[in-house]
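Next come two complexes built around subunit A: one with subunit B, the other with subunit C.
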Partner chain A sequence: MAEPASMIDKLWFLIPEIVLFGGVVVVSVMGLARRRIVRDAVPLVVCVFLVAAMAVIPFLYGHDRVFDELGRSRAGLLMPLLGRYVKLVVCAVGILLAMMSVWLTDRKLEAAVASGRARFDPIRVSRGEYFAFFLLSLIGVMLVCNANDLIWLFLALELTSLPTYIMVAISRPSAKALEAAVKYFFLGALSAGMFLYGFALLYGASGTIVLTEMRDVFAEQAAAGGLNSIALIGMLISLLGVSFKIVAVPMHFYAADVYEGAAAPVTAFLAFVPKTAGILAIMLLVSTVGYGGRTAAGIEGLPQPIMVALWMICVLTMTLGNVGALLQRSAKRLLAYSSIAHSGYLLIGIIAGPALGFDAVLFYLLAYGVMNTAAFAVLAGLQRRGEEIESLDDLAGLRARHPAMAVVMALAALSLVGFPPLLGFWGKLSVFIAGVEAGRIALVVIALINSAISAYYYLWLVGLPILAMPNAQSQTVVKSKVVWPRVAAVLAAVAVVVLPFFAQRLLSGSQGVGTPPAQQPLADSQRARADSQ
Partner chain B sequence: MVWLWLGSLLLVPLVGVAAVCVFPARRAKWIALFASTATFAHSIIVAVAFEHWHDGGFGFGAAIPTLQLPKFGIQFEMGVDSVSLLLTLLTTLLMPLCIWGSFSAIKDRVKEYYGWMLAIEAAMIGVFIARDLIFFYVCFEFTLVPMYFLIAVWGSDNRARACTKFFLFTFTGSLIALAGLLYVAWQYQSAYEQWSFAIGELTAFSATHLSGSEQAWVLLALLAGFAVKVPLFPLHTWLPLAHTEAPTAGSVVLAGVLLKLGTYGLYRFVLPMVPEAVIAYAPAIGVISIIGILYAALICWVQDDIKRLVAYSSVSHLGFCVLGLFSLNPLGLQGSVIYMLNHGLSTGALFFLVGMIYERYHTRDMSKLSGLSARMPVWAFFMVFFVLSSVGLPGLNGFIGEFLCLLGAFTASADNATHPGLLGPWYAAVAALGMIFAAMYLLIMVGKVVFGPLVEPVVKAKEHGERLPADLTWREIGVLTPLAVLCLAIGMQPHPLTHAAQGSIDAVLATYPERVRHHLALSGQLAAGSAVDEPEDLGGSGVGGGGDGGRVDG
Partner chain C sequence: MLVIAVNLSTYIPVGLLVVMALIFAGANLLMTHVLGPRRKGPAKDIPYESGMNPIGTARKRFNVRFYILAMTFLVFDVEIIFLYPWAVTFAKLQPASPEAALFLGRVMFFLATSVVAYIYAWRKGVFRWD
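After this line comes the complex of A and B, so read on.
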């Protein structure tokens, strides 16, 4: 076996996380400050830390830092370059999400304090906590990129999810949010239990928790006549558990209720951050049992049962998501189902495998993060009777009074449907090309049919704001008091239009980051065999 | 900087969009008119500088810099041959007229309107000049959005349903076409280990490397996309609705250019890309287009709504166009290309004329209008002129295209020495009924509306915003005159057009005679196997309807 990676090599790649953790500490203290101006600066400080983390990332992934002389990952990672792209994307979308969350909590309390009706009480404010949890969850995703064993992976996934339960609960002072949080928490706990159980079985089947070693063991098993059935069962259970994070089919049913219950900024957060973590986890997990087959002897792609399971999850997720969305009258529920459908599209890339497939998935995650954030930011940036807008009727005739928001919503919806030349089209196109290249024609055809179905409900989001006449309900929609969600919406919409011009650079940025170092597993396993003899 | 030759055709309208957005609303229409006229002027310069009018080659080939994805072999490559340049000219000619023609009709949301008009112009030109599949697809799809908004915002009463149906039909169709094109690209990738989306390379590859059944599937996928746009018979139901509800200029764009995207797609992709499947399915597609010709013509006959009548007549007319394409000989293809141009001119003009009536009387109902020649002689002159052009009166443009399409179908029989085909006299004979029907329904309409005793609907004063004079204004005459002059000119002197199209058509048809002969020989052998006596006769009768049906199934 290769000697374990040194601590310093592992820590080196955690610098962005460490920076953000500094942010967590600073922010949670600042949120309790006595002076209003300090408390108000919290979101700004969050953005500063996110920018700082982004600034650090490009310097970390120099070739010599990532690989040793033999071309192996210094930190012992399965996909050593994953973080280079994903961490940047997470931080960038994180900035948009942080802008949406300005003044999400504590608005009433601060108003009361400002007018002198109440005294400032550190017990009652939750802004600092909210943004601390916000950053912790982002740290969780970034840690998933660095996971080199199952325990790390589990902890990182949970670090992504645990803060979100609290964020849902404190996102708005209503019973709905609490209900959503409780639902989300219990189902999340269930799913964590599931994939932990799956991890245990994987450990039992391979005798190791280190992902790279696991891959070598499984490659040998497969070469010797097929994977251990415990490994297969463990992998399937893990996949089902993780599909909770990406709202894929057997674990998708919570999405509509939770997305509806939480405030729009948190919903946007849920639709991007845990999903990214889940997709990365699936990429890491399935890479241990298959794909390696292209480089090591004996296996072609994924083992049959896992392929079938992923295929079915993918098809059901796309189809149920899109059909479900057709039945919705609430914009948030509609976007929840659309989030389910997009997980389906992402899974096509996973099934297509490393190289094109994983690159496309990573690019798609960026596209989805931006366009989805744009749509939710519109909902967050407007309000009716003091509540953020929710139903599709609220959107009718938005153009008359809030033209910018109407245009943003239309752009986001067109991009979500995958309409050229917007960002979503390039995401979908690269995923579909990857699927076709892997020979998954049927899957791509089903996805195309699904895109056609989805055009129907996304057209509502285009048509209602821009074309419909305002109705009595939407007449009363006003801008929310904070400008930042609308700024985030406009920024995201601009990105949807402008980023396609940089598609080449973005795609080449994701190029190869999902690919395990090619020749290594074979050499490692040969050496291992030699050692055991 | 070669790319600017064609790139400016996209850039000028797009700059126009930006200018319309920036400047105040009252300037919008003049900016739009200026931008579209400038585009037209530039396209004329391109046409003059174009060197391949006679040899069928592509000119001005260049890629838009920086817009590319080398990993997938995608780059926004442009280039025109004579046919795509002709269609580009049609587009750039119609757009200023559409914009000029909308000056009095569009009163609200003016900036958006002219912005969308220029955006759709850029997208349509993009379709014709694209030499990269993804570039083509992006523009092809993007035409939907401006059209969706043009119908949805400025359309008439039933517009919500019309625009949704239009969007969903065409979007679904083109997704399926995308699947087919991706499949071809994938096969190319598996053969050469690299991605390419260059139309030329994929076409050459697909024609030679794909098996017959693969080609059949690709053909079906492509047809799903292009036949919806054309539209061919069972997929045409979105069109009358969209046409009727669209604003006048929207209808003109739709009939004049958007439908041509479908036939252009058939010409540029289907014919060269999947020849084996085209040969196998040509009789079936011929039958479908004939059904479309006759069916739509019969529907026209019973229409009360003039605009709907013209819309259905488009379905009928484009049936000829498709029939010409699938006769697989130079005559038919020439006819088809010329038909695309003619249809854009005369049907576009008819929509203008109907729109002018609607602006004055707020109705399109034939039973409420009669004898308008007494009130509007100038309008009546143009109406009769363009109806005759559309009917196919010899001496006007419509005749040339229709005649060549029918002649193409007629001579597309197995015993044709140079270009054997799979249609034949029967196809032409039945399709020709469509010409008779066209004469009937259009002339009946003219008889009712233009001539006869004067009947005018009473227009309530408040419905009238700005009162238009009874007869056409100079602006309206100015919109119609260029179209009329072109109709007459093409009708008198079609040779430049047929010569120009010839080179490109020869390139498309290059391998067809050989393939068709091979196909006929194979099916002749099969037939000879079943009936031993007279193989030659059987080969001959294979041209007729019954024999073709059997061959399609096989």
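After this line comes the complex of A and C, so read on.
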């Protein structure tokens, strides 16, 4: 057996998380400060910590730090370079999301305090808590990148999800948000139970919880005549459980209700952060059972039952998401179904497998995070009768009164549909190319048909703000009092237009990130095992 | 004979612990007896059950403060558990080495975070009991 990775080597890669945890500690107390100016600085401090975390990440992943002399991961990780790309993306999108939620909570109370109608009462404010949970959830995603065993993976996934339940509940003072939070919490607990059960079966089948060792054990089992059936069942149950996090089909039903109940900034958060964690977890899990003897056509990737299950999840997710979105009249529900559909596209990359497929998935996550945030930021930046806008009718003829927001919404929708020069196009293109390269032609054809279906409802989001005439309802839409969601919207829209120029650089940034270090470590550990016997 | 003597001497710390425990318990009882105020009443004579009435239905409503206080307790309780493995490792390090300083710094950071948790709970009014 290779000697276990030392804690010092593991801790080295956790420095960004530790920085953000510092942010959690500072922010949770700052939100209760006596002076208004300190309380108002909370979102700014969150952004400062996110930038600081981004600043340290490039220095952590030096080649000698990541790999030892034999080319193995020093921290004992299955995909040692995963964090280099994912943590940067998560922090960058995190800054946009933090800008969107600047005045999400406490707005009325602070106004009352400022006018002297109420006294500041620490028990009634929740801004510090909101942003502390916000950062904790981001830390959870970043920890998934560092997961080297099942327990770590489980805890990281739960750290991602638990804060989001509370964020949904406190995002707006209505019964709808509470209902969404309770639904989300119970279904989340169900899914956690499912994948925990799956993890237990995987442990039973392999005798180890360490992902790299598990991969070696499963490789030996596969070579000796096929995987243990308990391993297969465990993997299938784990995948079903984790598909809750990415809103994939058997566990997708909560999406529309929860996304509609939460405030738009939290919805944008839900559509990106837990989804990223889930996709990373699926990447790590399926990498333990397969892709070892992958041929150029990619047919020998995963064990057949898992491949079939992923294939079905992928197709059903795309189709149900897109067809469901056709029926919606609320912009938020529409974007919720679009979030389901995009999970389907992401799964094509997972099925295509490492190197090309995983790299494409990581790039797609960046693209989806940015364009999705742009769309939700428009909803958060405008309001009607004191509530953020929700229905498609509110968007009609937006161009006349809020030209910038109309353009942002149109760009975001065009990017989501995959219109050529925009960011979403390059994301989809790289995923589809990976699918074709891996010999999954049928899957890519289905995805293309789905893209065509999705054009119908995305073009509503383009056409309504730009081309339609304003109606009585959209006449009453005004800018929300806080400017930051609109700033985030414009920034995200600029990113959607500008980032494609760097698509090559970004893709090469994700290149090799999702690749487990070749067969070298496998051979090494087998030799070590042979020596010790 | 010698063997028995050696074996017995290894039990000295245990014996000390027992003596200390007896002294601590005895001193506490004695001091409350001597120093404590004495206000008799029917409520004082019933068994103490975390401030709850021990006789009656179990399906009654608790004051929500108990939960908040229990959670605050949990923070510090779990913190103590984390200190054990740290203390075991720390004792094995070279005294005054940079490694020891690093270990000390880390645990201080950890303790500082729970001090912040305390400040947070205090500012939220968890300890206000009126």
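Throughout what follows, the second predicted complex is superposed on the first by the 518 of 533 C-alpha atoms of A that agree within 3 Å, B and C clash if a C-alpha of one lies under 4 Å from a C-alpha of the other, contacts with A are read in each partner's own complex, and residues count from 1 in each chain.
One rule holds in what follows: a contact is a pair of C-beta atoms (placed from the backbone, for glycine too) under 8 Å apart; a residue touches a chain by one contact, two chains touch by 3 or more.
Predicted, not measured: the structure shown is a model, and the values here were computed from it.
S.K.: If you count the residues of subunit A that each partner touches, which comes out higher, subunit B or subunit C?
M.R.: B
S.K.: Is A:L32 contacted by the first partner subunit B, the second partner subunit C, both or neither?
M.R.: second
S.K.: By the touch definition at the top of the document, which applies to A:P420: first (subunit B), second (subunit C), both, or neither?
M.R.: first
S.K.: Kindly classify A:A222 by the partners it touches after superposition: subunit B alone (first), subunit C alone (second), both, or neither?
M.R.: Neither partner.
S.K.: On the A-aligned overlay, A:P122 touches which partner chain: subunit B = first, subunit C = second, or both, or neither?
M.R.: Once the two structures are laid over each other on A, A:P122 reaches subunit C alone.
S.K.: Take the contacts of subunit A with subunit B and those with subunit C, and give the residues found in both.
M.R.: Dual-contact residues (subunit A): none.
S.K.: In the complex formed with subunit B, which residues of subunit A make contact?
M.R.: It is residues 414, 419-421, 425-426, 429-430, 432-433, 436-437, 441, 444-445, 448-449, 451-452, 455-456, 459, 462-463, 466-467, 501, 503-504, 507-508, 511 of subunit A that touch subunit B.
S.K.: Quick one: in the complex, what on subunit C touches subunit A?
M.R.: 113, 116, 119-120, 123-125
S.K.: Going by the contact rule set out above, which residues of subunit B touch subunit A in the complex?
M.R.: Residues of subunit B touching subunit A: 66-72, 134, 137-139, 141-142, 144-145, 148-149, 152-153, 160, 163-164, 167-168, 171-172, 175-176, 178-179, 182-183, 185-186, 189, 195.
S.K.: Help me check something: in the complex, which residues belonging to subunit A touch subunit C?
M.R.: 21, 25, 28-29, 32, 122-123
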